[in-house]
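Chain lettering (A, B, C and D) follows the sequence in which the chains are written, and residue indices restart at 1 in each chain.
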Amino acid sequence: MKRAELWVGLALVTAVVAMALVSFVWTPFDATAVGSGPRLQSPGLPHVLGTDHMGIDIFSRILVGARSALYVGIIAVGIAALVGVPLGILAAWLPRWGAEAMMRATDVAYAFPALLLAILLAAVFGASTETAMVAIGIATIPAFIRVTRAGALSVLASDYVLAARAAGTPAPAIAVRHVLPNVAHLIGVQASVSFAMAILAEAALSYLGLGTPPTVPSWGRMLGDAQTYLFGHPTQALWPGLAIAAAVLGFNLVGDGLRDFLDPKLREVA
Amino acid sequence: MAKSTALQSGARARLRTLSVLVAAVALALTACTGAGQQAPAPSGAPTAGATSAAPAPAPEETRTLVIGATAEPQTLDPTATDAAAGPQALLYNVYETLVRLDAAGDLKPLLAQAWDVTPDRLTYTFRLNPAAQFSDGTPVDAEAVAKNIERIQTGTTAPKLKNQMEVVVGTEVVDATTLDVTLSRPSVTWLFDMAGAAGIVMNPEGFDAAGSETAGSGPLTLDRWTPGDSIALKRNDAYWGTPARFDEVTFRYFKDPNAMNASMLSGQLDIISNLQAPETIDQFSDEGRFTIIEGSTEGEVTMAINNGAAPEGVPAGTGNPALQDVRVRKAITMAIDRRALLDTVWHGKGTLIGSMSVPTDPYYEDLADLHPYDPEEAKRLLAEAGHENLTLRLRPPTLPYATKAAQFIASQLGAVGITVQVEELQFPRQWIDTAMTNADYDLTIVSHVEPRDVATYANPAYYWRYDNPAVQEAVRKAGEGTIEEYTTEMRNAARIIAEDAASVWLFALPNLVVTKEGVTGVAENANSSLSFDVTTIAKA
Amino acid sequence: MSAPASNGLLQVRDLTVAFGRHAPVVRGLDLDVAPGQRLGIIGESGSGKTVTALAIMGLLPDNARVTGSIRLDGQELVGLSDRQLSRVRGDTMSMIFQEPMTALDPTMTAGRQVAEAFRLHRDRDAGRARSAVLEMLGAVGFDDPARIADSYPHQLSGGQRQRVVTAMALVNRPELVICDEPTTALDVTVQATVLRVLDEVLDAVGAGCLFISHDLAVVSQLCSDVVVMLDGEAVERGTADRVFNEPQHPYAAGLVATARLDLLEPGTRLPTVADHVRGAR
Amino acid sequence: MFRQLLGRLGIFLLSLVAASFAIFVITQALPGDVAAVILGHGATPEQLAAKRAELGTDRPFLVQYLEWVTAMLGGDFGRSWFSHLPVTTLMAPRLGVTGSLVSGGLLLAVLIALPLGAVAALRRRQWPGLLTSATAQVGMAIPAFWAGIILVFVFGVLLRWLPPNGYVPLGRDPGRWASHLVLPVVTLGVIQAAVLVRYVRSAFLEVLAEDYYRTARSIGWTKWRALSRHGIRNASLSLVTVLGLQLASVIVGAIVIERVFVLPGLGSLLLDAVATNDLVVVRGITMVLVFAVLLINAAVDISYVLIDPRLRAREAS
C-alpha cells in the first residue's frame, strides 16, 4: 500500500517534470502567441484539449505551465531549504536557551502562513511570480528548521558523532559529514510536501491576481481565467485544475511514500 | 516651469491629470451607466422611462431593486475622492445637483429650475426650485449651494473636483432661491461639471459626517452601508419631487465579475450595471430571463506611445527616440488589427475609434479607418524610417484587459519586425509612478474613462509626452469659446492627434448592462456624471 | 499427556493464528479450563502465549487470521463480531495485562476506569458503580480505596496500578480471567504482593484463570495445571506438580532447570533453555 | 501552575512584539514616497511635505514603530490612507463575517475529520479506510478556490438551491445569514478536513497502539466506542496542537474563500487594501490576523494543562 503510494506519486511527479522538459523543445502550438487557433474551442483535433479565450492551445499551455509550477516549487523550496536546514542544524547544536529562543521564533513565523506573507509582500513590492516564490519560500523555512533540528538532535546524540566530537572533529565538519547525510531523507520528505504546498499557494495567489502575471502560462492563472467561461465551456477549468491536483497529489504522495519507505518508524505527526 | 505650474495650466485647459488614475481602477469605474432621463424602453415593455407615472406600490409589498456594481466607494462622501463609485450610487439618487445630465448628454434642470448666463459668459444666475428640501426637511436654499461650492474649493475634497471648481471666483446669494456664480474666464465645461460630483448640494449640517452618513435632497436616503458588500438605500418619504419607485435600492459590490454573473444568474440581482467580463455575455442570452443593453461609455482603451517630449519640471522620460518619428507611430498603428484585438480582449463589444473621442462626444468624428490595419504598409514605413530592427518596451498595468491586449499587440508588432518586451507594472502604484509620473515606458495600455479627455494631448507634461502647439491652441480656444467654437476646435484637436498617430486608440469601451426581465428604464449610455440613476428605472 | 476435559468453562480446539501472509504463530492449540480452575501457560517470549490470550479475548489486530474453535461456557467465540464479543469481554471473561504503567488511560481517574467496566455490564447508576468500585479496590488490598479511585494513573505506583487493573478485570466477577504476565514488569518485592492479592481475589470471586508467564515459579505458585508452549504449539501439559517435578519434553525440562537454580551445583555453567531444546527440534 | 502560565503569557507577548515588528518592517519597506502614492499624480511639493508630516513618515523608523504600537494598544490602528476612515471602523463590521466563516469552517472540518479519521485508522487495511485516506489525499490536492467556484456553479447557478455569494448579517436575518454561509463554510471546512483527516488518523493510530486502548476493549468497549471514549481524549492533545497550527491556514483559506463568495470579511478588506496599496489597512489587518493566530496558539498551550492531568500535576508540584 505504502509502496503503491510512492509509485503513484513518482509517476505523477515524473509526468509533470516530463511535461516541463518536453515544453522546452516541443509544444504542439505556440503557448504564448495569441490567436494560434480559434477561441474557446472544445477538445478535439488539432487542439487536443481545445483552445482558451485568447485562442491559445490549452495543451501547449498546460505543458509550459508545468515549467512555472516546477519553477515556483524549486525556488520556494530552495529558499526554504537553504535557510532552514543550516538553521535547523544550528538549533540542534545551540545550548538549551538558544534552541528554545529559536524554536519560539519559528512559532511566531508559523503565524505567517505562505499566503498571508505573499499578500503582505505583494502589497508592498507589487505582485509577481518572484514575490510569490520568495514569500512561499520564507514562510516554509520554519518547517525545514523543525524537521532538520529533530533529525539532527538524534544524530548528534549518536555514538559515532560523540566519537567524532571526542576526536576533535570541528563542528562544521560534523555537520557536513555526519548530520547532513543522516537528515537528508527527512529534508527530502519535507521538500516534497513543501513543493506541493508551494504549487497550491501559487495557484491561489494567481487566482487572487497576486501571483504569476497573465502573459506567463501558469496553471493557477489559467484556472482563474477559465472561471469566466465556466458556464459555456466547463472543460476550460478542468484541465488546469486537474494539472494542479495531479502535481500536488504527486508531490504529497512522494513525500508520504518516501517517509514510510525510508523510515517506517517515523510517524505522520512529528 | 515648475511641475505645479504645468499642472495649473493643465487645469485651465480642463485637463484632468488624474483621469487615468480614475480610469484605470479598472474598468471597474466605468460601472457608471448613465443618468438618462428617459432611456429607450426595451422592446415590448409596457411602461418605461420617467414620463410614465410610477405604478403605486402595493401597500405591504416591499419594492426592491438590487444592482450589481464593481467598484465600491471607500467613503460615502462622493466629493472626497475622484473615484466613480461614490457618484455611481449616490448622485441623483441621494445627492442632487443644480443641473443634471440626461441620457443624451444634455443639461436638464434639477435643483435649479432655470439658469441664465451673462453675455460675457462669466456670471451664471441659478433659480432654485422652492420646493426642494433636504431629507431632514431643511430647504435647499442659495446659501446652502454657496456653502457647497466653497466646500469643494476649500474643504477636504478631491483635487479633481477642486480643479473643476477652480474657475469659480465668487458666489452671491441674491435671495433664498437665487444664486449668482462668477467665473474667472468663460468655461464651457464648468456647467457640465456642475452636473457631476462637483455640483453636489449637500446639507451643510451633514458636512462633518459626510464620510459615513448621507445628507442629500434626493428621492433616496442611506439605509445602511456594509463595507465590502453593499450600500442599501431606502425611499426618502419627504422627497420634494416625484417619489422613488422603490422602497429599497441596493448596490452590491463585486470585485470578481464572475461572482457578479453568478449572482445575476441565480436571480439575486436585478441589474448588472456594467458587465466587466464581456466574454460572459452569452450566459445572459436567455431572453425570457434577461435583457442585454449595449450602450457606450466615455472610456477609450488607449495604447499610449511615449512621444518623447521633455518639458521642464517633469522627469525626462525614457521613450525610445524612434517613437518621435510619426512614420514609426503610424506603422505601429497599422500593424495592429484592432478589430481582432477587440474580439479577443472585449469579446467584440465596443466601438473602434481613431482618436481620443467616443461617438457620444458632440465633436465626434469617425477616424477609425484613418490608419487601417496594413502590416505591409507598416513594414514599409518602418523601413523608410530606418527602424527595421526596433525593440520597444510595452509596460501595461496589471489589469486584465491591458495584459490581454499587451499579449495580443506584442504578437502583432512582432509580425512587422518590432521586438516587444512586455513588462507588467503593478497597478496602480507602480504603473502611476513609472509610466505616468516618470514617462519611463515606450508603450503602455490603459483605459481613459474621463469625458472629453482629448484635452490631455494639449499638455506636454502628460505622460503621452506629446508636444504639439496646434493641439494646444485648439484646446485653449475650445475651452474659452462658445459651444459651437468648442465643438469645432475639439474636433480639430482630435483630428490632429489622430493624423499624428500620437497614440493608438484601440477601442471605445461599451456599456454593457444586463437586466432581469421586467426591469425597464435603464440608461443605455454611461455619461460623464458617473451616476447610475435609478430614478428612471421601473420593475414590473 | 492428559486428554482435554469435555465440558469446561473454556474449551479451545485446534486454534491456529496467523498474521497476514506469514506463517502461523499459534498452531493447532487445544486448551481446557474448568470453572474455577487455574491453568498456567508457560513458554518463552514469541512462543505464542500472548497471541493465544488475545485470540481468546478477541483483541487481535485486523490482519490476524484465526481458525479453530474457542468456546466459553459453550458459546463459540471465533467468528463473533466485535460488538458481540464486547458483551462477553469484561463480563464473563476479562484480562489483566502485562504493562501496568501503560494499561490505564492517563487522562482518567483510576476509579472512573474501574467504574466503566462495572457500568458497561452491570448497572449504569453512578452511585452504585462507585460503591462497587470502592469495594473491589478494597478487595485488591487498598486501605484507602476512595483516594486511589480519585487518583490519576500517573499518581500511582506500578504495583498500585496493577492492582487497579486487577480490580477492573474482576469488578464484574467474571468466570474467566486471563492474566498475561501480570507481574513481569514489577519489582520483585511488589510482585509477591500482587500475586498474593490476585490469588485471594480469584478465590473470592471463584473465577477460572488462564495465567500466562515465562516464569515457572510464579505459575507453580498460582496454578494447578500447566501447559508448556513452544513455537506456537503445546509441547507438554499436566498438573503443575507433575510438570515441575518430572518434565517430559526437553524444552519443559530446560524451563524447569533454569527455574531451579537452587538445585545447581556451585561452579557449573548456568543452564539455558537452548541446552535442553537443541536435541528436541 | 501560575508560574507556567505567566511564562506562557510572556512568550505570547514577546511573539506579538516580534510579529508586529516584522509586519512593520515589511510594510515600511515600500519603495518610494508614501505621500506621493497617497496624493497621486500631480501633488505639489508643499502638499507632499504636509502629507509626510501628517503621516509622520519623516520621523525615524523606530519612533514610527513605537508610535504605531502605542496607538494600537489604545485601540487605534490608524486611518486608511485613502478613505481616511479609522482602520478599526473598517474592520469592526467584518470581524463577525470572518469569525463566522473561520469558526464554522473549523467546526465543520473537525466534525468531518474526526469520524473519517477514525474510519481511516480503524479500517486502515480495509477498503473504507483506504478510500478515506485516498480521498483525503485528493482533497488536499484540490485548490480551495476551485472547489468554491464549482460549488457556486452547481448549487448557486445551475440548481439555484443556495445563494452563490453575498452576506446578510446575523442580526438582520438569521435564516439568510445561514444560507449565505453554507457554501463558503462547506468549501473551507471540507478542504481543511482533508488535511485534518490525516492528522486525526495518525493520532488515532497512535491511540490504537496504546495499551489502555486494549484495556478499554478488554472491559467490554467495542473498537469504535473505546476509540471515541479513550481515543479522542488522548488524541486531543496532538489534535489541539494540529488545530492550533491549522488555524493559520484556515484563516488564510478564509481570505481566498471570502473573495470567491464575495463575503465582506477581513480577508476581502485585506485584498482590497492590497489592490489600492493602502498599507495602513494592510498592516492593521495582518496584525489582527497574526494576533488571532498567536492568541489561539497560546490558548492551545494552556489547554494542554487542562486536558492532560499529568501536566496539570507536574505544574502543581
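The working rule: a residue touches a chain if its C-beta (ideal position, glycine included) is under 8 Å from a C-beta of that chain, and two chains touch if they have at least 3 such contacts.
The structure presented is a predicted model; accordingly, all values stated were derived computationally and were not measured.
The minimum number of touch steps linking subunit B to subunit C comes to 2.
By number of C-beta pairs in contact, B-D leads over the other of B-D and C-D.
With centres defined by CA atoms alone, the chain at the far end from subunit D is C.
Once CA atoms are averaged chain by chain and compared with the all-protein CA average, the nearest chain turns out to be D.
Taking each chain's centre as the mean of its C-alpha atoms, subunit C lies 50 Å from subunit D. One finds 40 Å separating the Cα centroids of subunit B and subunit D.
Chain geometry summary: the mean Cα position of subunit A and that of subunit D are 22 Å apart.
Shared interface positions of subunit A, i.e. residues touching 2 or more other chains, are given as 209, 227, 230-231. Those residues of subunit C in touch with two or more other chains do not exist in this structure. Each of the following residues of subunit B touches two or more other chains: 258, 265, 429.
Under the touch rule stated earlier, the contacting chain pairs are A-B, A-D, B-D, C-D. Residues 3-4, 7, 17-18, 20-21, 25, 72, 74-75, 80-81, 156, 159, 211-212, 226-230, 252-256, 258-259, 262-263, 265-268, 428-429, 432-433, 436-437 of subunit B are the ones touching subunit D in the complex.
On the side of subunit D, the complex with subunit B involves touching residues 32, 36-37, 39-45, 80, 82-85, 89-90, 93-94, 149, 152-153, 156-157, 160, 163-167, 169, 259-265, 268-269, 271-272, 275-277. Those residues of subunit D lying in contact with subunit A across their complex are 11, 14-15, 18-19, 22-23, 26-27, 29-31, 130, 137-138, 140-146, 149-150, 153, 157, 198-199, 201-203, 206, 238, 242, 245, 248-249, 251-252, 255-256, 259, 270-271, 273-275, 277, 279, 282, 286, 289-290, 293-294, 297. Subunit C contributes residues 57, 59, 62-63, 82-83, 86-91, 94-95, 97, 99, 102-108, 113, 116-117, 120-121, 152, 154-155, 165, 168-169 to its touches with subunit D in the complex. For subunit A in complex with subunit B, the residues that touch the partner chain are 32-35, 39, 53-55, 126-128, 209, 213-215, 227-232.
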